[in-house]
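To keep things simple, chains are lettered A, B, C and D as they appear, and every chain counts its residues starting from 1.
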Amino acid sequence: MQTLIAISALGVFCLLAEIFNLRKALVPVTIVGLLAILGITLNLWSIDSSIDEQYKSMIVFDKFSAGFSSLFIILTIFLIALSHDVYKDHQTKISDFITIKVFLLAGAVAMVSFSNLSMFFIGIEILSIALYILAASKRLDLKSNEAGMKYFLMGSFASGIILFGICLIYGATGYFDVAEIYALSQGAGLPIWFPIGITLMIIGMLFKIAAVPFHFWAPDVYEGSPAITTALMSTLAKVVAMATLYKLLSGLTVGLTYNFEIIIVIVSIASMTVGNIMALRQKNVKRMLAFSGISHAGFMLMALLSLTNAASTLLYYTSAYALAGMASFAVIIYVTKNKDNEDIINFNGLGKTNPLLAAVLTASLLSMAGIPIFSGFFAKFMLFTQTIKAEYLVVVIAGVINSIISVGYYFKLILAMYTKEATEEKQATPFVYYAVGVISIVLNIIIGLYPSLVTNLIN
Amino acid sequence: MDVTTILILLLVGAIATYFSGDKLASKVALFFSVATLGVSLYLLNEFSKGETINYLGEWMEYPKVYLALQADGLSMLMVLLTTALTPIIIFSSLGNTYSNAKSFYALVLFMSFAMTGTFLAVDGLLYYIFWELALIPIYFIALIWGNGDADKRKKAVVKFFIYTLAGSLFMLVAFAYLYQKTNNFLLGDFFNLRLSATEQFWIFAAFFLAYAIKIPLIPFHTWQAKVYQKAPTVGTMLLSGIMLKMGLYSVIRWQIQIAPQAAKTLMPYLIGLSIAGVIYGSIIALRQKDLKKLLAYSSLAHVGLIAAGCYTLTLDGLNGAVYQMIAHGFVIVGLFFVAEIIHRRYETREISAMGGIRSQSPKFTSLFMILVLASVALPGTYNFVGEFTVLYSLSQVNIWFAVFGGTTIILGAYYMLKMFQNVMLGETNTKVFASITTNEIITLVIIIAFLLFFGLYPKPITDLVNPAIKDILIHINR
Amino acid sequence: MNNILDIVGIENYIFLSVLLFCIGVFGVLYRRNAIIVFMSIEIMLNAVNLLFVAFSTYHQDAEGQVFVFFSMAVAAAEVAVGLAILVSIFRNLGSIDIANLKNLKG
Amino acid sequence: MENSLVLLLLLTPFVGFLFNVFFGKKISRNVSGTIGTIAVVVSFAMSIFFFMQLNQTGKVIQVKLFDWITVSNFKLDFGILLDQLSLLWLLFVTGIGSLIHLYSISYMHDDENLHKFFAYLNLFIFFMITLVIGSNLLVMFIGWEGVGLCSYLLIGFWHKNQDYNDAAKKAFIMNRIGDLGFLIGIFIIASLFTTLDFVELKEIVLGGTNSGNALLSVATLCLFIGATGKSAQLPLYTWLPDAMAGPTPVSALIHAATMVTAGIFMITRMNFLFDLTPYIQEIIAVVGALTALVAASIGLLQNDIKKVLAYSTVSQLGLMFLALGLGAYNVAVFHVITHAFFKACLFLGSGSVIHALHGEQDMRKMGGLRKVMPITFATMLISTLAISGIFPFAGFWSKDEILLVAFQNHHIAFAKVLWVVASIASIMTAFYMFRLMYLTFFREFRGTEEQKHHLHESPSLITFPLIVLAALATIGGAINLPGSNWLNHFLEPILVTKYEHHALGTQEYMLMAVALAGAIIGIGWAYSKYIKQAFVPKEDSAITGFSKTIYNKYYVDEFYTFLIVKPLNGLSNFFRTTLEPALGKVVYGFGTVANGLSNQGRKLQTGSIGLYLFAFVIGVCAIIIYLFLAQNIA
């Protein structure tokens, strides 16, 4: 709980900083603050999964939420670090952007630590609204507007669905409190609209993680939004949504019914396949990564097939994915900083002009493709083993085939960097890009070599 | 001192090479590879004295992965093959200059690190990781320092990468499946599984996909010729000399041991397929215009025979296969180096553009001739020992296998001699053939000396391998 | 006092709000004017709100009604943002027809 | 002591080889030649030494050098076996070998790669010795392939001429075909008896009752196939005539006297096996007889002096195989030896002629050399008489014996037929040999004036071997005169079926007379044609009808090309141009399909919010409906 409070406080501070003209110091201060909060959060392991008395039935801050919250905080730190350079042209607004990001983080934390559906709803709305703003934050750029609008319309539509779902659950059980609902859901005799409610909520979340067939917004929004926002969406937002979905299902129901697992299987396979296939022919990197994100969502959905014990695996997969994504976006933001588009051509010859960043990007792509020693590999492997245990071999096979396809487009980028001739000579690179890229990829490799670092956080 | 030393040394070597700068890179790499060879020889000595040089350490709790490195005679031999060929290959490359040499040689060492790991690992996941790691350096080596039209090369190399990766991913699924049953990846525990026939079949199939593509067996070989042709000769040597052997070694170490029942039931078909590969490769080699491609197909034929030996599941078959692996490893490296030597002087790999070299460089001709004779398994070369043993084992299974497999004796002689004639003999070539340098001679002589010595006195290798194979057979016939 | 729901029956409330909800959905689907789309979304949300209230009466506890306040507040915030975006679109595009937003595709 | 001597015998030629390879270029031409020769002479001396020893003690020498190949059920050591058979071979291999080395010093004197030549010759001798003294089939196989290699190297010795290289390649590959057979045979024997050592094999075979074992027949058949490759029998004989591309001493040494007799050696070695498989023996006999006939008939019309000799070699080898097939191994061996003498002499003689004519090999451009080259003429005449089977030259005795056993054989039903065939072959032999003599040495010279001007008798280094060989060709028959039968006795320990010594009865004398008559007929025929009618063979273009067919060797080569080489290359082309790309496409196919789908899929992503929301709603409905249905069904 302290985490949530602290984050909100930090957000408020950022707003104040605007007033007191502390813009220069803002970014470092925020980072320090977040690091402190990270410390607090990690400290919570001494108290193992105890519901915080003070906010009874609103927030439960157990290992699951703590684990994911720390991941979110780390990601946010990276994002804020990047924003320093990204927004240096419009210093006036920097505090707004940072504030929004911090509040967004608050929403995210709320989402993984709710113990009451209202908390969940508020969390998800904070997150979404913040995202709408960030997506459209390039006021004069029509693309950005369009992205914002699309995201907004579909997002609020989804919110409507979720809200309806919550409502039906409330109607069926008479409670918003997760624990109560869980207790009731074990006993029979719930009216038919309880499962419908659950379904609607899940669908809403499936939309948030951009699973097929609710994925259409993702590529457009990713492409249109400013690069840093895209980074946020494809790493933080997706991870949050996934974690929340898992928490919802494991919190509200006693395992999925067989039929529902079938749906998950279908959606998962569909997401993997559609995502990868569509990504093959993309020229725009952000768009490509959007589709790759869709396919990864498909992978993550596998975790739902073994609800009882997949938490650590999910955390591992999400961190692996998010770190790799963060690393790659650090490079992408740098490369496309002064470009009007994010086409692959811009990466030509990066291997020569800027070997380090090229290496970082290569590594992150390899991680996403699931090549060993990068954590992406172990993440996939854990998912596979768990899914085989759950006796859904077919999903695993689909996953394997998809990872093969995915190599196809990840390597398009690598080829561009190492075999094409550079169009322009190397320009000065702010340190922060190296920092973010290298740190996140190193973290990625470290948890690749010692998965237990992450897997032990939960369970 | 245990086997980890080799790995560490190679890894350190790779890093050191990278930071030693383009000037020194090749020297440093050479130094480290030689050092590794020394270490592995020392370890061989320890091993033969009966000292234990294995290493077993915890790595991950979940999934349960051990750093299990075990050297029996077989692994030891394959490691020696790697650590012996690496310096030879690096040494042979001294005649060339590579842009960004530091990365190049670093990658070479890293690759040999990964391959050594593959030969040593007895923990499934560890093994798989090494297996995949070996793929990445060769991908970049072929991609960046390869020759020929960039786009064509890219196409070939990417195909190679994705294709092999595709194969191995199914192997990964097989491992995941086995992991369900044992909750770790130790080969030893896999043996003790009592897998049903169906399970064995599917696991065998999954492994087969990975290995058939890597080795390669027909019809999974389509990546081979092009990659060999496009890759820089060093890469081609690494691929054909060592990396193919990874597949064959894995067949012996993993596939037929984990799923012996399936192996036994499928034996005739597997041998048939392999031998078909022998004939196919030989025939297609007859009319190749590109020297490296011809050699690629010749090695397709050879590995086909080796695979056939492996799948006989008999002592002779496996022994012979191992002998052949070693012999082929050396001879093919030598032959590709010959191609490189000619390319350095004539800037071409088109056989039609060669010919009439003999009268210009008799020394080179003689060395080349010996290599050719070795590759057609003339008695007295180590290749004969291997080929004889394999064919004998085939004849024990079914005489017709031996007959058809034996066609390699005829066809091999046909295409190799034809190649030799068109490349070396005939009217003196108008283009001047600069006389062969000392380094080149040394490289070739080392290889030839090895082949001839063990051709006449193969006992050391036999004694090294035999016990290991015997143990393996126990697992197969359990 | 006795519960209104004893007379009307909760089902009817559900049907009503489902109907409203669907109207909202169809509005979103078939109208191209952004403002109207917003309104349709509002209809959806309010349909749900109505249902919340109904349920809270049905269950005889206030939580539902509290929740309604949450959702209204949130909806308001949402719409505020939405309108902001719409304004900037109108500045750039000179129209608020969502059918014109087709630059991002493929 | 003994071991080291054996090694000396074996290794001196190898040392000579190494020396000539590494230092040959630096030292003077004569030296390298001399060293090469000495190396062989040493082995010859050793052979004599061991031969004497064996004659006195009668003790067979066995030396085990080291373990070689180990397979599951038996071990192969690198061993040496010096018994009667191997020593016999050693004697004439090294003996004739030394003579030919001597000859080559002068003959090859002007060649730039003289040292290489001697290196190869030494290497050949080394491998030939290995072949002969190997104590088991696999060591023999080393030599077997080794001599094949040397023959390849020496045929293609003038490597600038691609035709020669082709000939060399052909020889090697043809041999390889045989070798595969040989290997298969080895495999079967190994699996039957779990040993390849000659001595052990013999014990096991004689001990056990393996007769009538089908596999055994297969094994012996395979061995015989091996022999046909090495000893140029039907259907694999075509390489030998082409092999004449090599320098003449090579033809004399490898392709007449020694290597081509390896097949006979091997079969004689394994006689105990062949005796158990009568069917195979019949096949051998038939093949031998046919080869003798076919080759002889081709020889009738050849105009290249060396080609004539080549075909005569093939046909003589055929006769030897006939003898083998009839179980008369000692007779075959006898003929091998005498043949080695006179055929070597003939080749060297022809070499001397070619030398004198500066490389001219076409007999149509020779003639009248009798006066200018008396020694060459004399020696060649003797050898010709010998090969034609004229009393009392060596060839008479050996060939007569073959005909005799053919005539007297009772095991094979059609032995008489074989006898007839053999007789016809030997009549032809007499004819074409004298045709050769007449065209070369008699009547006036038909070459250019310029050549005529340079005509000269060859130097003594060339003539000396000729004389020696001629002498041997004269008296060589003595080693196995019907009365004494020294050779038969000598070989008795080797052979299982004892050769029954029949006293010389009328039948024998009759047969001798018939053979002699046949030879004389042949000679007369040749005389009438080439001396009386002074006939000179026509130009190639003018040859017509059946004689054209014969002149073109019955088009066998063309037939093989058409039957095997062309299809093989066609197949190769098909694979390369069609099948490979197709297979490649299959793999690429997945990628293509995926990309195609991708392109289609992108059309769905129209960018219209309406569509997206629609898909959204459809998804919702689909899921809910599915759940309902599933619920109700369940």
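We adopt the following convention: a contact is a pair of C-beta atoms (placed from the backbone, for glycine too) under 8 Å apart; a residue touches a chain by one contact, two chains touch by 3 or more.
Nothing here was measured: the structure is a model prediction, and the numbers come from that model.
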In terms of C-beta pairs in contact, which of A-D and B-D ranks higher? B-D
Relative to chain A, which chain has the most distant C-alpha mean position? D
Return the distance between the CA-based centres of chain A and chain D, expressed in whole Å. 79
Measure off the straight-line distance from the CA centroid of chain B to the CA centroid of chain D, and report it in whole Å. 37
CA centroids of chain B and chain C: separation to the nearest Å works out as 67
Chain centre separation (chain A, chain C; CA means) in Å: 27
Listing for chain A: what residues touch at least two other chains? 149-150, 153, 157, 219-220, 408
At least two partner chains per residue is the criterion; list those residues in chain D. 591, 602, 605, 607, 609, 613
Could you pull out the residues of chain B that touch at least 2 other chains? 162
Touching chain combinations (by label order): A-B, A-C, A-D, B-D, C-D
In their complex, what parts of chain D are in touch with chain C? 602, 605-610, 613-614, 617
Quick check on the complex: what are the chain D residues that touch chain A? 591, 594-595, 597-599, 601-602, 605, 607, 609, 611-613, 615-616, 618-620, 623-624, 626-627, 630-631, 634
In their complex, what parts of chain A are in touch with chain C? 118, 121-122, 125, 128-129, 132-133, 136, 139-140, 142-143, 145-150, 152-153, 156-157, 159-160, 163-164, 166-168, 170-171, 174-176, 193, 219-221, 223-224, 282, 287
Which bits of chain C are touching chain D when the two form their complex? 25, 28-30, 32, 98-99, 101-106
Report the residues of chain B in contact with chain D in the complex, numbered from low to high. 159, 162-163, 219, 222-223, 225, 280, 283-288, 314-316, 319, 356, 358-359, 362, 366, 373, 378-380, 385, 388-389, 391-393, 395-396, 399, 402-403, 406-407, 409-410, 413-414, 417-418, 421, 425-428, 456-459, 462, 466
